[in-house]
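I have a structure I would like to understand better, so I am pasting it below and will then ask my questions one at a time.
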Amino acid sequence: MTVIPTIRVQSTDFDLQSEIDTLTMGRRDIGAVVTFSGLCRDECGALSALELEHYPGMAEAEMRRIAEMAIERFSLLGLTALHRYGKIMPGENIVLVVAAAPHRQAAFDGASFMMDFLKTSAPFWKKEHAADGTARDWVAAKDADDTARDKWR
Amino acid sequence: MTVIPTIRVQSTDFDLQSEIDTLTMGRRDIGAVVTFSGLCRDECGALSALELEHYPGMAEAEMRRIAEMAIERFSLLGLTALHRYGKIMPGENIVLVVAAAPHRQAAFDGASFMMDFLKTSAPFWKKEHAADGTARDWVAAKDADDTARDKWR
Amino acid sequence: MSTKLVYFAWVRERIGKPEEEIVIPDNVVTVRDLLNHLKSLGEEYENALQYPEVIRVAIDQEHVEHSEKIAGAREIGIFPPMTGG
Amino acid sequence: MSTKLVYFAWVRERIGKPEEEIVIPDNVVTVRDLLNHLKSLGEEYENALQYPEVIRVAIDQEHVEHSEKIAGAREIGIFPPMTGG
């Protein structure tokens, strides 16, 4: 049976419980579900918001490519990846990944793999809004994210 | 600031979203939340239910000891671990871990560490109820679970 | 002085009770001694503790090795390897 | 024949528009050639593409290397390293 990932790019927030329910409802073969939620931090008060820009069409396509790799590699029974765009306030969700598998290691690996590749290859960009209104800088890509991705090779 | 884990052993199901909300509400320093849900599988139709037995008092104490190790080791900002007991049907939740941290790797590691140690040292035992009503066997401990725990040493 | 013993899972089922108070003889010093002593108490104990190397023991709700001394224990838990999660 | 170029994040801001249609000269064969060609179109392009080694490019919404040929491309995306998630 081919597992089809659920991929969405949206401006609105998402409900984690309903995304899990969609993935697991009526199933008796799933033994492990791992979720990852990425939230906007205020960097100790320095940040008032993040602005998320994306490449419409390619963002979804790239997330789908990564999700299909993860499903194949870890034999996942389900995978959902949602990413928001637009203005996001500290404490709000930016990204959600839900991975389901028969056993825990595959579910952990699936979610972690999805995030590591999403960070480095899905076309999204973050701009910071400073709390004092002065600066508005684009977030720089981190070498640590490339390293995290490369550990899967 | 000392982070106090939330530990509960209960017969009733839990609501994942409300557990996350309790951990993250009003905070602006959490960048990553990882949840792990362990569900009862029916083993391709062979199983009608699991019966979870625990050592009251020690179960909570041991989960708390593990949680405190995880918080210390991965500098977690929050950690919740809930485990059910009693009869659990296929598709239902058995265990829930929620780990919060500034960044994703610590949240993934914290949840995974908590599960690996919980599996091997928290005093819970599973008994299988066969779908055909004949056999009722205690689940055997797996070497793979010891191996998973030992990778953290 | 008597000590409370608590049993779980198939150890409990084979011994046939969830807990009991027993008086531990003076020559029973370690957890290992206790398991051997219990095996002498009857067929049900022998059946439960046939392979002592797989049996886990907690003193006052903390895991201990079989070499641990039991002096001062208020409650001793005896059970198979854990299978929760 | 013209090709659609789309820009994102600080590449978009520096060039000053989100997209445009341009006619690509015949001697522009690879992604690298295209980035060099764009830099010759004005200060805003030069500013955006000053360090071409950090610029990421997608042809028809798939990531490509700078050595990739652009012939046949309908849409070329040009942007900084991704910082989502």
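First chain written, first letter: the chains are A, B, C and D, and each begins at residue 1.
The definition used in the following text is that a residue touches a chain if its C-beta (ideal position, glycine included) is under 8 Å from a C-beta of that chain, and two chains touch if they have at least 3 such contacts.
These numbers were taken from a predicted model, which means no experiment stands behind them.
Engineer: According to the touch definition, list the chains common to the neighbour sets of chain A and chain D.
Structural biologist: none
Engineer: With chain centres set to the mean of the C-alpha atoms, which chain is at the far end from chain A?
Structural biologist: C
Engineer: From the C-alpha centre of chain B to that of chain D, how far is it in Å?
Structural biologist: 48
Engineer: Nearest whole angstrom, what separates the Cα centre of chain A from the Cα centre of chain B?
Structural biologist: Centre separation, chain A to chain B: 23 Å.
Engineer: Quick check: how many Å separate the C-alpha centres of chain C and chain D?
Structural biologist: Averaging C-alpha atoms per chain gives centres 73 Å apart.
Engineer: Residues touching two or more other chains, restricted to chain C: which are they?
Structural biologist: 85
Engineer: Provide the list of chain B residues touching at least two other chains, using ranges where the numbers run on.
Structural biologist: 38, 104, 115
Engineer: All pairs of touching chains, please: list them by chain label.
Structural biologist: Final set of chain pairs in contact is A-B, A-D, B-C.
Engineer: Which residues, counting only chain A, touch chain D once they are in their complex?
Structural biologist: Those in contact with chain D are residues 38, 52-55, 57-59, 61-62, 83, 94-95, 115, 118-127, 138-141.
Engineer: Using the touch definition up top, name the residues of chain B that touch chain A in the complex.
Structural biologist: Where chain B meets chain A, its residues are 15-17, 20, 24, 26-42, 44-45, 90-91, 102, 104-105, 107-108, 111-112, 115, 148.
Engineer: Within their complex, state which residues of chain C touch chain B.
Structural biologist: For chain C paired with chain B, touching residues are 6, 8-10, 58, 61-63, 77, 79-85.
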